[in-house]
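Each in structure tokens, the structures are laid out below.
One chain, subunit A, links the two complexes that follow: it is found with subunit B in the first and with subunit C in the second.
Up next is the complex of A and B:
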């Protein structure tokens, strides 16, 4: 309950933000919000189903490029593009996960990593169609590029995705998923089809990742490998999720937004900014393995004890 | 009456090893069958084959007439087989109630919220196994027996036709054993078929209707508990020869400073005192046993000596205080602990595990030591190329001890080597230890719950009870002075 209330308060503050800050910060937060959805989708799979997906940008990229190609070549309206993106990401996810989930241990992660490289190579090889490294221009942009509207669309999307993913993680299905992630033999002995549940988690993760990828490109008006497919995109989502706190969903969002913001604030440092942010992330992961939310929880416990 | 569970011609091979060979039995509703056998006899494999965790190479597992052999685990579970795991691995961030609720949820992706009926049934089951008072606590705060109750609750929740229970009484006190027996007997009263899997007849004799005894993957006897206990083959499998006690030349420890000196050591885990001003000493070349029930503080004492837990008091090794040294420094200094959890490298072969232990020795010395150890534990020679995790419990224990000995310890600490081992294995282990004591000057500190195992080798015995040393003396005097109060 407390999580819901805190989230609602933060949501209201964020919704009112465009009246207080300029378009530069809003533009930055748009990025942050879509990354937050990447990270939350990833946390459902890692934190709950116990599977490490090293290639979230495979799902993000498939969704984004499905939408981009339709919009670029056929002028398909944005809502239809988004539906296509979601379907494409889930289908691609299934094609990847059905064989991969038969393997155990690190192999699942390795397969997801290879999938990103394949997708990236594919896009670069067929650059005549996909725009290759340069990317594709999109005829349509959210709200014709109006900054505030673009911001609210991103915020609304993140809030709804977050609510659904968090609710799911706390539901009966989330409980079965956690049991499957922790001990698949015991979960199976209780009568649960572990593969089915993990596959479902993967599809849900794919759905939100693909949708968020497509939304991101329509907020920017362009689709490129560097924006939605590159390994670095996935790595940033993963670091955000771990930084914010594993198995918390909301923590993943906080971590991802923090990372995007920190990199931008440190931009004057040039290449050094990536180093500083990475070093900070490393320190948090080393000393607070529970991430931001874990650290807050521990601090709350200490304060609670000393107040008594 | 027709059997609820019918196993016929069940066979399972792992590579060249035949773990289960043509096993057949049936359990009618309302009967408890004990499936017993020493470690490595294949009884756990039979249980896994029934549950679908392993697939049989041949044979049938009929559940109420339907052959489920080779089905995936979750389908067998839904068809009506429940397994009470020996080790519970609960969800740590969920309460006891939620852990039990987990077992009641439908295997559905669309039923997102459990109804109130599930909530009520969960509470009912928690009450039935005696967990009402701790329902809202996290599993990590529960004592061992309550975790076992939770596992039992999960099995009850699925209301299976056939209940498999893996080592029902391991690690429980006699009062807890009574509670658990009643709960298991209630399965029988409700017409379930129950299979109890355990090492020996004695611990399940009072509860079972019939016993099926296995050894080396095959049936050796079937009958009532009494019949099986009297069976000639079973007796030979379990008792072997009597444990030989050999006295060795008296050694004089007077006048020399002891190799290990523990003075007034206390350890706290949070508020709980795990050790209270414990003092003991071990002379060079001496074999000292610390006996005490589970939870008395043996492992804590050894962990304090090895530098793994913080303590108050002093520990001296070869007159040097050990405080301030890291666990790795202490181990390199010659104090090698062989922990009760064994800590083998499961994916590495037996030989690789041993080589790792001797890594710091010059090559010729390592070879010599290896030859000596393979002579001491011949079974390790036969298994040299096998992955350590594929060994039986007893073989793993021997490997753990051998690996510790490869490190050329000045003091070898053996923590509960008999844990989970069947009598026939104990005897082999006991003989190996005796040969070690007779032929070699290694100083040994042994922690044991099993007095029969700990006494024959010891030069001196300490009794640890509720965090304190309550008796010290000669093994010969133990029976009359401390033996009666021990259990």
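Up next is the complex of A and C:
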């Protein structure tokens, strides 16, 4: 209950933010919000289903490019593009889920990595159609590019996705997923259909990743490999999720937004900014493996004990 | 003629892949660690060789030695600063150590990559060839450097084989890979063996990095690709199987060379990736892996 209330308070503050800050910060937060959805979807798959997906940008990229191609070549309206992105991403999720049900650990991790590399290679190879490295410009942009509206769309999308993913993780389904992620055989012995639940986790994770990817490109008005497919995109989502605290969903969102903001704040350092952010993330992982939320929880525990 | 060219070029590049992958597979086999900063360590070694050869007047050979030393020190630092704290941590549950090691070696690699880009820019750097000039092999003009690359790679691999199978220390490594608890019960300190393996790995990665820098050139921008290709070779051959890695390195090297020569250089990595997917789907333990 407490996490719902604090999330609601944060949501209200964020919704009122456009009246207080300039368009530069809003533009940055739009990025942060979509990355937050990437990280939360990844957390559902890793934290709960126990599947190490190194290629979240495969799901993100498939969704984004399905929408981008439809919009660029057929002028399909945005809502239809988003539906197409969701369908394409779920199909991609099923393609990933099939090996995941047979392989474990590093083998599955490698397959997801290869999936990203293949997608990227094919996009660059067929650059005549996909725009390759340069990217594909989109005729339609959210709210005609108006910054505040763009911000609210991103915020609403993140809030809804976050609420659904968090609710799901706290539901019976989430518990069964967690059980089958930790001990597949025992979960199956208790009578749960592990395969069905894992498939569902893949589909849900893919759905939100793909939608977020498609919405990100419509907020920017362009789709490119560097924006939605590159391994660095997925790595940033993974680091965000681990940094914020895995298996918490909300923590993943906090970590992802923090990463985007920190890199921007440290921009004066030039190339060293990524170095500093990575070093910070490494220190958090080594000394506070529970991430931000884990550290806050531990602190709360200490304070609570000393108060008593 | 072209067939001979493919045969020779493919052999050189495959030997380099084998050398690059063998350290990676050794670390996994003995310590159970997949080191995602592998590419960064190789590139650091090459950049150290490149920078010191001119700036410090170390010369080509001095630079190469400094490069290998840099790779070794960095590998030991990776173990001491990143991997060991996680392995000993009580806050991280045992079943999650793998993902923590993967994430933190990845972050460590990114840090090295950014540090190199900051101090030396991410322009491609070519280490001066250890041997200049060309030689005719069966009518194919081949740079001496290419011949030397293959020769040094195989010499290093041979030495590792001797070390593992013919020395007492090597047998301890083998035992640690098979049954670490058994080894501990016999009174051996596991930690010493891990330090030895990481040092050995550093030497191998350092040599591979310097040779790569002289053969193809390196840039901090392709660190990720290097790690991914070592990872692919090792999984294709079977995680932890040294022979498997050697075979897989040749499969990958020749497949890429054939594709580059006969189809198009731009898609040289595609057949490898497809083969990898096919092998992992049908035979997850790799070509020669044990389960």
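The rule is simple: the second predicted complex is superposed on the first by the 307 of 308 C-alpha atoms of A that agree within 3 Å, B and C clash if a C-alpha of one lies under 4 Å from a C-alpha of the other, contacts with A are read in each partner's own complex, and residues count from 1 in each chain.
In this section, contacts are C-beta pairs under 8 Å (C-beta built on N, C-alpha and C of every residue); 3 or more make two chains touch, one makes a residue touch a chain.
For clarity, every value in this text was computed on a predicted model and none was experimentally measured.
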{"item": "Subunit A as common anchor, with subunit B and subunit C clashing or fitting", "value": "clash"}
{"item": "First, second, both or neither for A:140, with subunit B first and subunit C second", "value": "neither"}
{"item": "Touching partner for A:173 - first (subunit B), second (subunit C), both, neither", "value": "first"}
{"item": "Touching partner for A:191 - first (subunit B), second (subunit C), both, neither", "value": "first"}
{"item": "Touching partner for A:52 - first (subunit B), second (subunit C), both, neither", "value": "second"}
{"item": "Partner chain in contact with A:125 - subunit B first, subunit C second, else both or neither", "value": "second"}
{"item": "Greater subunit A contact set [subunit C / subunit B]", "value": "C"}
{"item": "Which superposed partner A:182 touches (first subunit B, second subunit C, both, neither)", "value": "both"}
{"item": "Subunit B versus subunit C as contact partner of A:200, first or second or both or neither", "value": "first"}
{"item": "Partner chain in contact with A:270 - subunit B first, subunit C second, else both or neither", "value": "second"}
{"item": "Doubly contacted subunit A residues - partners subunit C and subunit B", "value": "182"}
{"item": "Interface residues, subunit C side, partner subunit A - complex", "value": "34, 82, 85-86, 89, 91-92, 95, 98-100, 102-104, 106-108, 110-111, 114-115, 117-118, 224, 228, 231-232, 235, 239, 266-267, 269-270, 273-274, 276-277, 280-281, 284"}
{"item": "Contact footprint of subunit B on subunit A as seen in their complex", "value": "167-168, 171-173, 175-176, 178-179, 182-183, 185-194, 196-197, 200, 247"}
{"item": "Touch list for subunit B against partner subunit A, complex", "value": "51-53, 72-75, 77-78, 82-83, 85, 89, 91, 93-94, 98, 101-103, 105, 107-109, 111-114, 154, 158"}
{"item": "Subunit A - residues contacting subunit C, complex", "value": "46, 52, 99, 102-103, 105-107, 109-111, 113-114, 117-118, 121, 125, 182, 231-232, 235, 238-239, 242, 270-272, 274-275, 278-279, 281-282, 285-286, 288-290"}
